[in-house]
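Which chain is which? They are A, B, C and D, in the order written, and residues in each are numbered from 1.
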Amino acid sequence: MIKTAIIGGSGYAGGELLRLLLGHPDVTVSAVTSRSHLGEYVYQVHPNLRKRTMLKFTDPDTMEPVDVLFLALPHGEVQQKIDFWAGKADRIIDLSADFRLRDPETYAKWYGAPHAAPEWLPKFVYGLPELHRAEISQACYVSGVGCNATAANLALLPLVKASLLDPDQPVIVELKVGSSEGGAGGSPASHHPERSHVVRTFSCFGHRHTGEVMQETGLRNISLTMTSVELVRGALATVHATAKPGLTMKTLWAAYREIVNENPFVRLVREQRGIYRVPEPKILTGTNYADLGFDYDAENGHLISICAIDNLMKGASGSAVQCMNLMLGLDEMHGLDFMGLHPI
Amino acid sequence: MIKTAIIGGSGYAGGELLRLLLGHPDVTVSAVTSRSHLGEYVYQVHPNLRKRTMLKFTDPDTMEPVDVLFLALPHGEVQQKIDFWAGKADRIIDLSADFRLRDPETYAKWYGAPHAAPEWLPKFVYGLPELHRAEISQACYVSGVGCNATAANLALLPLVKASLLDPDQPVIVELKVGSSEGGAGGSPASHHPERSHVVRTFSCFGHRHTGEVMQETGLRNISLTMTSVELVRGALATVHATAKPGLTMKTLWAAYREIVNENPFVRLVREQRGIYRVPEPKILTGTNYADLGFDYDAENGHLISICAIDNLMKGASGSAVQCMNLMLGLDEMHGLDFMGLHPI
Amino acid sequence: MIKTAIIGGSGYAGGELLRLLLGHPDVTVSAVTSRSHLGEYVYQVHPNLRKRTMLKFTDPDTMEPVDVLFLALPHGEVQQKIDFWAGKADRIIDLSADFRLRDPETYAKWYGAPHAAPEWLPKFVYGLPELHRAEISQACYVSGVGCNATAANLALLPLVKASLLDPDQPVIVELKVGSSEGGAGGSPASHHPERSHVVRTFSCFGHRHTGEVMQETGLRNISLTMTSVELVRGALATVHATAKPGLTMKTLWAAYREIVNENPFVRLVREQRGIYRVPEPKILTGTNYADLGFDYDAENGHLISICAIDNLMKGASGSAVQCMNLMLGLDEMHGLDFMGLHPI
Amino acid sequence: MIKTAIIGGSGYAGGELLRLLLGHPDVTVSAVTSRSHLGEYVYQVHPNLRKRTMLKFTDPDTMEPVDVLFLALPHGEVQQKIDFWAGKADRIIDLSADFRLRDPETYAKWYGAPHAAPEWLPKFVYGLPELHRAEISQACYVSGVGCNATAANLALLPLVKASLLDPDQPVIVELKVGSSEGGAGGSPASHHPERSHVVRTFSCFGHRHTGEVMQETGLRNISLTMTSVELVRGALATVHATAKPGLTMKTLWAAYREIVNENPFVRLVREQRGIYRVPEPKILTGTNYADLGFDYDAENGHLISICAIDNLMKGASGSAVQCMNLMLGLDEMHGLDFMGLHPI
């Protein structure tokens, strides 16, 4: 059995990681750390794990080495002591934003401060298997992914990979997201009476995940607009783009089908009947799927591509476990086979 | 025009008071105070009031005297300086819990500390017009009401007034309540991802409002069980009680009809068809109504009485304005004529 | 007092109309018709109106003439017998889609069938006061407005009126809408377990309201993308457009301020602090306000304009009553003074 | 591998059964039937199963024999042709209400019609493993359970098994339930704008599941009061009962702990800190757990026992699969190991 540990296990991504690893057939979890909940049973913070684990939160400073180390700390912390963590495991998956961007200047631009360990940036692979499966399989250090970036990157993947976009036209990504994106710590705006049933646009331009989307798609003229909706888990990215002249529906279908066929967690949802005709985040709750859909107005070249994910799974902990599977040569879907619920 | 002021206007009850007073045909609001939001426009905290008032939050220490003073401060603060407030207005309506209970020992029992101004307790009238209309009309000092106590008291009113209950049997009140009951300040448990869609029983026994229900109904063997549900505004009280032997449906109907006829804001909801057959809080959102319903199992004497309210209106600010109307000899419904919305 | 009647009063728009007219200081309602609920008390369908009206649904065929007639029938019905209705009142406000488009060919394009009374189309004025205040004041026949069209039209109003848009670039409107848009009749997709917490894109291109937006803004290259979210009432339109070269923030501010100053129900929401910094539909529930916001990326000319409304109020019944006020020379805000609730 | 089939697979319980069986290590599903969706892919109705099964709905009349047959038909249908079904499999688990009650007269009382196959009633075992584990292990025919009955029965189990209740006092069960209880077919009351955010008491007395609770607990003076809340999945039963004189907290703890220790899917939730101190349905979404809690007012003997479940899992399909495991001598938890999500 592979030995793993989770640093920063009291947050939402850490809790989901733990759930996935506890159900994984090939691994054990030897430690889950939390300074703020030190000594508490993990199930007191993540109540779904009651009767499933008697682990207590431990001190990160005293952890024993493991085979795979998951870091689920707040942005900015890992880069401060990445050498320390590298001494604890040969393989590291860091869910924070610290090692997602390859270029230190790009990092500084989006995060407002120089990177503390720029020499480590090239050692990491961007942890979205649908984009970097082969490299992840060979990697020792893998970053996490931004949840919104993931929805955008996967919505764009078929279009970018098949070079279907007019490169001179802007790409607009409208994201609708749930409240768990804000993490486990509350704020005045997340107080239930204020957050309930919002349709609240919190970022028109300049969301930090834009940097990840630019890096991974190669697109330069792209913007992300973020709107919170009434939902705990889930993100839906709606991409508006312009097709290269002459694009046909047949080519579009082929581009999406290729991506779906290559990736076990990507599905195409484009039905003519029934209730569930398009990608929707609600039925993805708890799953690692990314559901894709598209539409096209051939008259003016307006392309719409849609991707729905669970932000804590495919957009965070699910992709991280999928990366671990690849790094270890395991079946990519191990520990990630939850199908999701209907209704929910 | 009657001059009013609101002390503690940045909370939910204070905001609702202000909305009601701004729409009231007979009053003006000369000050709304808040220490934490001093100098901000009121509409920055209560965004519904944008373009309706240019009032800013002022300092309570510098307020000018008014005709009617509304106190919407946290529990425990008003009793510390009630003499100061009494110097600011001839008529005071205090929405906090400080002057709801008549007996200092009862106060100490439920609030865990001796009352700081027990000599003032007999000067206040309990501010629920359906129970004390005549006294309120003559009063200078009126207390607010507990929202849960109000739902329970009104559910019990027809039964108590007509003496239909077996006094030897316990009365069980099950309350289902929304998140605005917790007030404007957040807590870890009110963080949207944790609070969303709960059915969370936060108090089985011993809720402080029990004291108000005992005082106002005269019942001694009564308990309140509190469960939070997914709802911002609203409270539903379900009373389980035992009828005196021989009670008939006809007598029950008469008891409820009498209460409905005497009270403009009380309605009886007991339909045999349609979607809305019983009292429900959602259609009361923003209104001062209390909707009552009942059922009875004559075989074993099991009586169920139901009351739905908006906790911030009939359970707080609405009743307070209704009291002001009575104290000033105005039409009881002035400023409280919002009908509520369907659908919502 | 002005005599009014509502034809088709059992739906959501009809119910809201009735609520507004019952609270209006200058009008009476002499009839509310419904074939399917004939003879029932109105409050059995619209439970908020209990104890506020004893009106029963009557037969539309037997109604007496009135001063102002509101038609809230399903699309397609009014045009079949507009001459009959014109015999019942000198002033008609038709909330359906039948008389919104001026051009019969445009109507046929969007509604898939030729118009049954094309000679009546030029007699109607499009019923959005913010666009046609002067004409409505002189009109006998006023159409309703599409709720989504209204959010889009008002988001575009400052930009179009001040000619700030690059006419060669496409305009993309992303709409997020609540479940009451679907009307009072259910469908498999509106069954609560299936509709709850959706982020469901039901129309990428070709939504019928696009025709209204084209007509009212003069823009030809514009698309509406519709996404249902967890919300009963409310619509948020996010417009993505391209500015003419050289546009400054100062000019933008001026354009929005002008619209806000000219229109009592339009507000600008663009705060740097607090929870409510941008337009949001939830605090507009029950009000006739349209809240506007904007953002601008001067580097690439990307303009975002946002409009939030209550789809049943400013997007339907509220605008209709506002039109009636204008047609009758009354204060535009009469009967529409509800401020909305916080929290909700 | 064990061969199974599901009759009536387009409903919610059928869909959940299929999900569980597809993930079960020891079984295969050879048929899922539906007359109304005949020929459609199962994933078109249950969208979570896309890319997980290519099964199509088939005709129940043509199904081949299997090892274990699950019947998920509407109440009343199975009893009409139980002999036919018995010819299709040696082991049957019927999720409908048809074979839950042992006594034909009791059946007639609660379901308003005589049973069509009373001779079959004694052949069935009531399918709640926590009550009948040994019998189920030996059974060929097992009934399903009522979801509300299950929450009530499990809340009562520690009290009844340890004989802690005063038999002369009434037992009141307050149930708060989600919208999926109504099944996959919609109704006017389940239309999203009408159902959203309800606290709607739809049955004060006489709910059909009362018969199951009486049968399984032996209590005669017991009532169920049903209230719908905003929730898709989940049921919370709050039992109010009276203790035998002299009951101590220590005895209570022991009674609950015994039940928890004997039953892998029962957990005790009674924390002094943290957000999740009591049983709550939301974190049980998708799991087969039943979480129990209790409180006790020793002064007057008032006992409160709480049970939270997912109505479609422990209250329907989860218990059915658990029964199958027992009938086949498999590990009771096989196929039921989903831990649930936090947050959700």
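The criterion applied here is as follows: a residue touches a chain if its C-beta (ideal position, glycine included) is under 8 Å from a C-beta of that chain, and two chains touch if they have at least 3 such contacts.
It should be emphasised that the depicted structure is a prediction, and the values quoted were computed from it without experimental measurement.
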| item | value |
| --- | --- |
| Chain whose mean Cα position lies farthest from chain B | A |
| Contact-richer chain pair [B-D vs C-D] | B-D |
| Gap in Å, rounded to a whole number, between the CA centres of chain D and chain A | 35 |
| Distance between the centres, which are taken as Cα means, of chain D and chain C, whole angstrom | 46 |
| Approximate Å spacing (C-alpha centroids) for the pair chain B, chain D | 38 |
| Of all residues in chain A, the ones touching two or more other chains | 12, 180, 184, 188, 193, 196-197, 232, 275, 280, 343-344 |
| Touch list for chain A against partner chain D, complex | 12, 15-16, 19, 22-23, 44-52, 180, 184, 232-233, 264, 267, 269, 271, 273-276, 280, 283, 285-287, 289, 291, 337-344 |
| Complex contact set, residues of chain B against chain A | 12, 178-180, 182, 184-188, 190-193, 195-197, 232 |
| List of chain C residues in touch with chain A within their complex | 170, 172, 174, 176, 188-189, 193-194, 196-202, 204-205, 221, 223, 225, 227, 229-231, 234, 236, 238, 240, 275, 278, 280-282, 293, 295, 297, 300, 302, 304, 306, 308, 343-344 |
